[in-house]
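As written, the chain order gives the labels A, B, C and D, with residue 1 at the start of each chain.
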Amino acid sequence: MRKILNDPNSYVHEMLAGLLKAHPDQLGMAGDLHAIVRADAPVQGKVALATGGGSGHLPVFLGYVGKGMLDGCAVGDVFQSPSAEQMLEVTRRIHGGKGVLYVYGNYGGDVMNFDMAAEMADMEDIRVETVLVKDDVASAPPAEADRRRGVAGMVYAFKLAGAKADQGGSLDEVAAIARKTLEHTRSIGVALSPCTVPQAGKPTFTIGEGEMEIGMGIHGEPGMKRESLQSADVITERMLDALLEDLAPASGDTLTIMLNSLGATPHEELYIMYRKAAELLEAGGLSLHRPYVGRFATSMEMAGASITLLRLDDELKALLDAPAASPFFVQT
Amino acid sequence: MAGIGVAEVRSSLARVARALAANKDHLTELDQAMGDGDLGITAGKMAAALESYVEQEPPEDVGTYVAQAGMAVNRAASSSLGTLLATALMRAGKEVRGQHELTPSDLARMLAAADTGVQERGKAKPGDKTIIDVLHPAAETAVAAVAEGAAPEVVAERTLRAARDGRDAVTPLRSKIGRAGWIGERTEGLVDPGCEAGVIILSAILDGFEETA
Amino acid sequence: MRKILNDPNSYVHEMLAGLLKAHPDQLGMAGDLHAIVRADAPVQGKVALATGGGSGHLPVFLGYVGKGMLDGCAVGDVFQSPSAEQMLEVTRRIHGGKGVLYVYGNYGGDVMNFDMAAEMADMEDIRVETVLVKDDVASAPPAEADRRRGVAGMVYAFKLAGAKADQGGSLDEVAAIARKTLEHTRSIGVALSPCTVPQAGKPTFTIGEGEMEIGMGIHGEPGMKRESLQSADVITERMLDALLEDLAPASGDTLTIMLNSLGATPHEELYIMYRKAAELLEAGGLSLHRPYVGRFATSMEMAGASITLLRLDDELKALLDAPAASPFFVQT
Amino acid sequence: MAGIGVAEVRSSLARVARALAANKDHLTELDQAMGDGDLGITAGKMAAALESYVEQEPPEDVGTYVAQAGMAVNRAASSSLGTLLATALMRAGKEVRGQHELTPSDLARMLAAADTGVQERGKAKPGDKTIIDVLHPAAETAVAAVAEGAAPEVVAERTLRAARDGRDAVTPLRSKIGRAGWIGERTEGLVDPGCEAGVIILSAILDGFEETA
C-alpha cells in the first residue's frame, strides 16, 4: 500500500480534522466531523444545497462546499455512504428557510440513506427535494438510464444549481436547474490502475500494466472490457464516441467539457487528451466553452481519467460562468 | 404464555450482535464474490453498535427501544445492508410503539413492517435476489402461521424455514439490484450475501424466542 | 507504463498544444510552443517575471503564468531544461520596459541555459536579474546551501515576487522580494513510488511497496535513506524536524505551509499530514497563516508529498494574500 | 600546408555527428551509472541537429559557421552537456569570427576559448570530474604544442592523448558537479560520461584534421 496514513480506521476522521483545521474561515461542522457545512451556514433566505457520499473522491464531495456551490456535505467512510443521521445534521444546519436540495450520485447506499434523511427532515418541516446524478453512460444502456451511476458530471450540477440558489432561485427553480443540467450531462471514464481502500489494505481490483478498462466506475465497478492500453488519441476518441452517441448534440451546439484525472494521471496527460477532444468536437461542428482540466472527482491514487460533456444553452452558460469559491474550486 | 418484554428483546438484539460478529469472515467472502467485499466490515460495525446499545438501560417501551436500535445501526454502518437493517428495525419498532409487551402476533406484524419498509427503502422486489427474498417469505409465513393459531415454536420454525428456502430459491438467479447488479451473469449460482445475513439474523432472533416463548 | 499518451517524443508538444487550446484567454506562445507567455504580454510598465525548467511538474512551471504571478515560462522536455533560445524568446515577449526577473530552480542545465539567455538578453538591452530557488534542505547540508535544489518552495517566490511586480515594484525591488522569500523558505519531500519519463518508458528508479525515501528529489534524486514506510504522523514529524532545524523560527513567528502531493498521493492524505503538522507547529508556539494543501509541484504520477515552510513578516504576508489568477492557481 | 576552410570544418562537424550517434548506447550506460541516463538521448539530439546543420550551405565565415552550430545544438539538446557543447562551439566560433581559413594555431585558440567558455558557463573546475577534465588538458596541450612548432599531426596526437589521460585521471575521483555530484562516493571508479563524450568528440574532430592537415 503506497499510502501516507496512520490507522486505516481513522483515515477519514483525520482527513476531516485536517481539512477543518486548514480552512476554518470557509468550512465548519454540524456536530459531527462527518457533517461538513459552510462556515457561514445557514445562509438565510437562500435555498440550501447538500450532497454526500463516500470519501476517497476529493474534491468530490465536500470540496464543492462553498460560495456559489454547496452549503453542506455528509461524508462517509472511504467508498461508503454516510449515515442518514449525518445527512439530517447537515440538512438542519444549512436550512435557511427556503428548503434544501439534495444532489448526489445514484448509488444504493447513498440513495437509501438520503431518502431516510429526507423523511426525517420532512418530520421537522424542512422541505427537501432530491436530484440524483446518473451521468455515467458506461454503467447502463440508454433504455436503463435510470440505473446509471453518478460520476464527475455531478460537479456541473453542484456548480449550476449552486449559482441558481445564489441568485435567489426558489427550491423548485434550483432543483429544475439541477435536473436540466444533468439531462444534458454525460460522462465516461477509463482506468489504468486500481486504488486501495485503506481498511481493505489491498487494491480494489487488479489491472495489469499496459492494460486499460474504458467505462470503469470510480469504485472499480466493471466497465466495457479489459484491453491493452491504447494511445491517448484512440482512448479519447472512443470515450467521446460513447458520450456523443448518448448526448446526441446538434452541429452548432455549445458544450463545456471536463477532462478529469482519477488521481494519479497527471495534468500533462489530461491536456494531451484535451487537445484531441477539442479537435474532434470542433471537427463535428461543436463549440467549446470554458473547459475544465484537472482533478475534480477522483478515486484516490487511481490512474485514469474521465471525460464529461455538458450541452449549454444561454441559461446554463451564464450559471456556469458565475463566480464560486471553495477551498478546492475557485472561479472568478 | 407470558408476553415478550423489553428484557427478551434486549437479549435477542445481543444474540444478533454475536451472530453477526461470528459470521464476519463468512459474509466478507460472499460479498467478495459478487459485491465489494465489505459486508464483513458492515456486520462487524452493526454488531459493535448493537452490543453497546444493549449495554445501556432500556426504556419500558419496546417499540421505541427497537426503533432506536435502528438509529444506532445506521449511525455505525451505512452501507446498503446496514441502512436496510436500520430501516427494518425502525419500522418494526414503529409498529409497536408504546407497547411494553409483545405477543407472537405483534412479532409477525413487526416482521411484515420490516419487509415493507425495506422494500420501500431499497426499491427491490421479491426475485431481485436481495435480502427481501428472505424477509418477504419469512414475514408472510409468520403472519399466516400466527393467524392459523400455530404454537410459537411452530411459528418460529416455519418462519426460519421460509427464510432459508427463500435464500436458496434465488441462489441460481442473477442479481438485479445494488453492486451485484452490475456484475450480472457472474452472480448466478452464488449465494446472495444479504440473504445469508438475513438468515443469520432471523435465526439469532427466533432461536432465542423459541426458548423464551 | 500506466500513462495516457501518444508518441513519447510528442508528449510535451501535445501537452502544450492542449494547454494553449484550453486557455487562449490567459495563455499564448512566443513563437515556439515551448515559450509560454501571458496572453496579454508584454504588460507595459511592469517588471516581467520568467521561469522555466523541465516538463512533468505541473502546475510547476507554466501553471503559474498569470495575473499577479509570472509573465512567461520556457518549457523543456520532461525533466530537461528548455533551451537558452526559448528562454530568450520568452524574455523578449514579456519585457514591458522595466526589466525581467528570472526565478527558477537550481539545476545545472537550467542555470547554464538561463545564464546564456541572460547574456543574450543583455546584448539586446533587456536588463535581467536572476534569483535561484534552493529550498530543498535534503539536497545539501546548511554549509553547502548554495548547492541545494529548487522544489515546491519556488511557488512562494513566484507568488510573492509576482505580487510585488503587480504593485509596481522596480526590478531590484521585485528581485529583493524573491530573495527575501526564498531566504525564509524551506522544503523537503518524501517519495513512495517512482514516475516514468515517457521517452525512457520505465520508472526513473525503483522503490518497493511499503518503502519510502525521505528527502528524495522531484526527479528521483537520492534522499536520506530508503526505509520501511512509516505512519503519516511519523513522516510528518520527521519532515518538519528537518525543516525547523534549518529554518529555526522563533516562538511567536508566523509561517505559511504548503502540503504538496507529488502526483498520485491524494488530497485525503495531505490533510492527514496537515492535521499533524499544524498540531506540531502550534505546539511549538508558531502560528499558521493561509495554508496551501494540494498539488503545486509534482513529478507526474509519483506517490509522495512535500512540505514547505515560509516564515512571514508583514510585508511577505500582504504579498502572499494578494490576488492572483492563472489556469492552475486562483486566489481572490 | 593549406589553411583549413569551411569545407573541412563542415566535414568535421559531420564526423562529430556520426561519432555521437554511434556512441548513444554507450553514453546512456555511463550516464545511467552516475547520472539520469539521458546522455544517449542528448547525444542523439545533438547528432541530429548537427547532421541537418551541415546539410545547409555554409557561409564563408568559419567563425560564424561554428558559432551557429552551437545555437543549433542548444536548440535541440539543452541538457547539461548539450548546453556546454553549444557554449563550446559558440565561444570557439566567436574566437575566429570573420576568418575564412584557420591555421593550427587558430584551432588551438578555439579549443582554449571553448575550455574557458565551458568553465564560465558550468562553473566546474579541473578536478571536479566533468568534461572540463578532458577539455582543459587538451586545450593546454594543443596551445603548447602549436607554440613549440610541432607538426599538425603531432599536435593532434598529443591533444588527443591529453584528453584521454584527463578522462582516466579523474575516473577514480568523486564527482563534484551536476547530477553525479548528488551521488558522491558511488561515482568513484566510474568513467564520467561527459569526459567520455569529450574524448569521442575530440577524436572525431582531430582524426579528420590529422588527415586533412
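Just so it is clear, contacts are C-beta pairs under 8 Å (C-beta built on N, C-alpha and C of every residue); 3 or more make two chains touch, one makes a residue touch a chain.
None of the values given here were measured: they were computed from a predicted structure.
Q: Enumerate, in label order, the chains that touch subunit B and subunit D alike.
A: For subunit B paired with subunit D, there are no chains in contact with each.
Q: Whole-Å distance, subunit B centre to subunit C centre, using C-alpha means?
A: Distance between chain centres, rounded to whole Å: 57 Å.
Q: Which integer distance in Å separates the CA centroid of subunit A from that of subunit C?
A: Chain centres of subunit A and subunit C, defined by C-alpha means, are spaced 29 Å apart.
Q: Distance from the CA centroid of subunit A to that of subunit B, rounded to the nearest Å?
A: Comparing mean C-alpha positions, subunit B is 33 Å from subunit A.
Q: So which stretches of subunit D touch two or more other chains?
A: none
Q: Among line, ring, star, complete and other, which one matches the pattern of chain touches?
A: Shape of the chain contacts: a line, open at both ends.
Q: Considering every pair of chains, which are in touch?
A: A-B, A-C, C-D
Q: Looking at the complex, which residues from subunit A come into contact with subunit B?
A: Touch residues, subunit A against subunit B: 76, 79-86, 108-109, 112-113, 115-116, 139, 147, 199-200, 204, 217, 219, 221-222.
Q: Considering only the defined contacts, which subunit B positions touch subunit A in the complex?
A: Residues 36-38, 41, 71, 74-76, 78-80, 82-84, 86-87, 121-122, 177-179, 181-183.
Q: Spell out the part of subunit C that touches subunit A in their complex, as residue ranges.
A: On the subunit C side, the touching residues are 1-6, 11-12, 14-19, 21-22, 55-56, 58-59, 63, 190, 192-193, 209-210, 229, 231-233, 235, 263-275, 278, 291, 293-295, 298, 300-301, 303, 305, 325, 327-328, 330-332.
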